[in-house]
């Protein structure tokens, strides 16, 4: 596929390097706040990149100088979206049925980033509230600019975050005391604190530097065997959620096919010849 | 309920702010060491606070300058408590039956802090041995004074900690090497080390400052929508222990009722009006 | 058993202190790279130490100045080992069957370190690639010299790490972003970074100092009640992989027998008498 | 304890044989329909029997000729109980909070039968609707008279059964098609069908015969080693809910204490001497 | 929606009764064997029925006198479908990646029957091989004609069934010995045997009688509160796969919203008035 | 390998058909009661058969007319085996450590039947007590003669069965009431009852007929694609113990390699040509 195939409203998708895709959230005039169309498109993009043989790693960023994303566009959601009153009178049970369906749809869209077979490197900057945390914890590697302002903002609008943050934060950083602190208080925290807690693994002075670093990391990973890289993402994610025995067993079964790749021979040969290996497409 | 309803021996329960309860372990002449009556009362207090509509966050501290708690009162336990020889001769299987029942009772008392629907902020200071770690890992947010001396002390009296520490430490901090180090060696470690490892998320110069900070945090959280706050505690705790899919699913079902709260409307309206929202009681 | 019973090719097993075993990987001329005989012997050694009543803690190190281990001996594996082409033509399914069996055998050998009932303290130094991470995450406490070079090297030879690293890293450190970074990029990282992320819990200037520190820690743990120490390892490992409720329940059942040890009485008595307790053999 | 200690309204508790307790639901004029006081008392009774050393097995039946129990007393529940409208106006989220607490309390009461360490044999007869199924699936052995009319009645009053039936039926019988059939249709089914599906394991012509058979079974089990019997209940229940590996491991740890019982020696000796063994109290 | 909205090739979708949909697999000239288009359409149909407020139960049958379905159309699959050789040469690892994606897509289509919120009653007749078992174990209630010939046919074409049968059979019937017998031998078994093992819960003389019975059951369930019915399907399915504690907890949270339905009041009122309740749409 | 390689005391291993092994427990003068040497040998045999390319199915029977096995040789176990008093005085905790190790060793031996990659068909006859049930529930298909006397005998010697029965019975048959009945009462039950409950899936008049039927079944399964057969055993066993989602996922990954077998082509071709396929060795 080529760049021309990736026209999705509110997103720029480019291919700055061989095997590297760059997805930019593009609604800067609204601080990249999300309306329904955006999470649907996000899901379409990542589902497609997941099987695009021309793509091996993905960089995810936000357009404009001020925000990665300010989160849910609450105003829009209150008028016609998921926070809007239902038009027809329904009893609370019937509202709940609709609500479960809506939340699961929304979760499934955000989870497209995690389901995507290729590693996703996210670069956060500026305002990174609410959905910014849901979204970035579904990614694989998190980088940030030093001016990033994070907040698990949902309690401030009267709800417990339900699109991924409360589920994935305990699987993304180690300190449960800190997780409870930031999720219960909705307080804003900066990039240094995020790095100290392990939420991000790199902090950069400017957005340009952060994107350059993200791109460099994406390029590096894209130069490796795609069989090895995709397996690594899959096996870490599976093991994270299951007992050690099940992690090891699934790993053995997974690799029973994957070790039959030509990439191993190619990699070993390149190692001997001191050349850079070229791996065939997936 | 009022303060008058909360008379429990060895504990002071006060209400320093609207919606904030302060539970103080009060046996300072024995370094707040626990005898059986204390864990029974602890459980009664937190079970009651859990459904008290006048309470939205809870601060847990230890009385006196020297210790949050020195842990189990080993002397008392050896004489008449859970470490005492059984009065009638029993075979080891029958002793084991009694023992399982006793340990589970004790665990259930400490777990009352985790089961409590409201967030619990614990401030540790001075000697914080054994049960101090069991107890504080069952709380949500851990703060400490810089003179706090932590120790998972149990191996020094010949037993593996069985009231919660060995189960909850791997779910509270990230470094397994450090967890094994402190649980196997029973060595004392300080507040800075605890903070570096993520066990506590704030260190303060004095007990007064730490309690003030804890109280400030409690007040902040108590000012938020209680529906949002209680859901956040519940959903983080559930997700911590289960695969991502089960975390997301439970979250969707939970919020199917909780999104029908008036708190969202109240919070959004206050946001527009720049006023402080008032949320009704639970 | 005595030292004489522990002759295993490529390993030195010594007993530098009462109750402390020291296992040294001994193929320094090949940077301690592993061939099949080595992981088989490793498993035999740790399985035996696990029930040797003369052993209470184990130190694991690598011989020579340059490497803890450079990982799999890729050259040997390509010629006659697990990366070698199969001699008879087999369809991919039949190769996969053999492969599952081989990977599980290899995993089982490395997991012998985790299954070993006694705590294992590993000291890493110099080159610590691939299998070094698989092996050390199966141990309990990780220490390193400041010149240690870690790398989850497997993607560089075209495969996802399958002997334990991808399963155990998410259970060993807190930052998922960092885990993905090092496992996807295969980049080398140093001891300070490993310590900051919680992978190791001590960094020392030289190999001598690191081994001295490891030995000191081993001696300290070996001086404690073995009933308490072995239970602590078991209960932390079980709880790490399971929900809190299952962790607490298993703990109660485990301790129903273990609290009937004489070690508690001995420990308490020594505490009163200010003497050092002596615990009987397991 | 003696019979005098077991006065609980709506229940008759008697001790027809050594080590056998008989709990009879006693509100026959209302077809033994349950009001809140009854499930609270049920829980108190089984919690107490669980640790009463004079009790080794328990028979559970319903008074009167017409019904084991007709289930929840819907009329009472609609007026002042869990189906009653809440007196103060609450938003649906706040109602949901109260509801979760109420359902969990009710579930916990019924689960007291399962948590009870001693085996519970239930004899159903006549009308056995709704709560009758919740209650009997929490018991260990189910017997019925041939006139028993079972029904998972809840959908007929507009709700999914939430006190245990929908959770425990899939763990009590094998045919999922049949489970869905009876839970979705609320149709009445008889004892022969229940026996064919494995829900009950004995069908008797009259209530007298059924109770006699239940009592005979209770007496038989009560004559066995209580260590063996209680362990058997515990280990089957644990294993039912967990993977085979976790079942085996827990079993090994459980028996590490329980095999140290004198009962084994007593049982073996009686076997040799052809006498009936007497086992000491728990 | 109306019948006009449900035109999907190879399927007839009709609405024989209020709230009842009838889905007929319609490729009788090929014994209703499945080609790719069919499972894609099956998924679209059930996904749509799941949220169609005019539908409360679904009947699933096969057109023609000879077969419910003969399973996968092996000939078509060998030529251009999932058993076809890949057109471009790929190493076994790359083939495996494609294969995982294909199998998961196929599984997801069949699982649409299980994910469908409304109960699905399947009526099997005649040849019911391979996919017939995958498909019917994803449904809720299974009925059959007495001439039904079942077979888990996959081993006869050289593969382990991978679209659901091997996963769902152990959750559908009780006898593991029987499951292994039929899945390992691929032998044909009849309706009486299926009924005796609990795989089907009704056997009828002719297809007409079976469909009439299925329709009667569908009508009965459709007459109940849809809130109660949908919750019952959801809670049984969730509990089947998880420990009792998690089943009970999820049930309490689910019902916290669902008990706020007007259906309970409507059902109770109808009960008093001896009228047939009418429940509003979902 | 040939028959000559399978000399193990107390067992006869023969190869009555191509690809079929017959393992006979051979201590008929003691009713095939097990001593330690026997379970060690059993494990060695099944571990070896698991990877023997000349074997595709295994028949397991007991020698002599009177018993499949009477279970543990209690007399031997009391004198020098696992029920014997420990020679050196140990505190109960230390005894418990040894006990856990012994039980796990014993469990691991019996589980060798389940771990064996090839399907195991067991034919029970005559006395089949205790270990007979542990052993046969670890097998895949259970057949019996009509004179078989089953008993979960362990409670009669004062212990809860700990080698597999209590864990695997709830995963082998559907009726929990029946499981509790037979495990708590230790009563003897016959083959018809075992068949009605689904424990066995075939009952035969004589031992000869039963063995002939078992052999016929073994031959039939051995004639199928070994890739398909081994996968079927693996995937049913994995799915039995895990949620549906994990069952489906593991299945997809497993088959990603296994679908690349030549067996599919061979099976399809034979189907077209109406010949009997020959599959190459594993």
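As written, the chain order gives the labels A, B, C, D, E and F, with residue 1 at the start of each chain.
We adopt the following convention: a contact is a pair of C-beta atoms (placed from the backbone, for glycine too) under 8 Å apart; a residue touches a chain by one contact, two chains touch by 3 or more.
Computed from a predicted structure; not experimentally measured.
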item	value
Shared interface partners, meaning chains that touch chain C and chain E	A, B, D, F
Higher-contact pair (C-beta pairs counted), E-F versus A-E	E-F
Averaged-CA centre spacing for the pair chain E and chain D, given as whole angstrom	33
Chain C and chain F, separation of their C-alpha mean positions in angstrom	34
Residues within chain A bordering two or more other chains	92, 95-97, 171, 173-175, 197-198, 227, 242, 245, 253-254, 256-261, 263
Touch list for chain E against partner chain A, complex	51, 91-97, 101, 117, 227, 230, 257-263, 280, 282
Complex contact set, residues of chain B against chain C	74, 78, 83, 92, 95-97, 99-100, 103-104, 107, 111, 114, 154-162, 164, 166-171, 173-181, 183-187, 197-198, 241-242
Interfacial residue positions of chain C with respect to chain D in the complex	242, 246, 250, 253-254, 256-257, 260
Residues on chain E engaged by chain D in the complex (per definition of touch)	119, 140-142, 171-175, 197-201, 217, 220-221, 224-225, 227-229, 231-236, 239-240, 242-245, 247-249, 251-261, 263-268, 271, 279
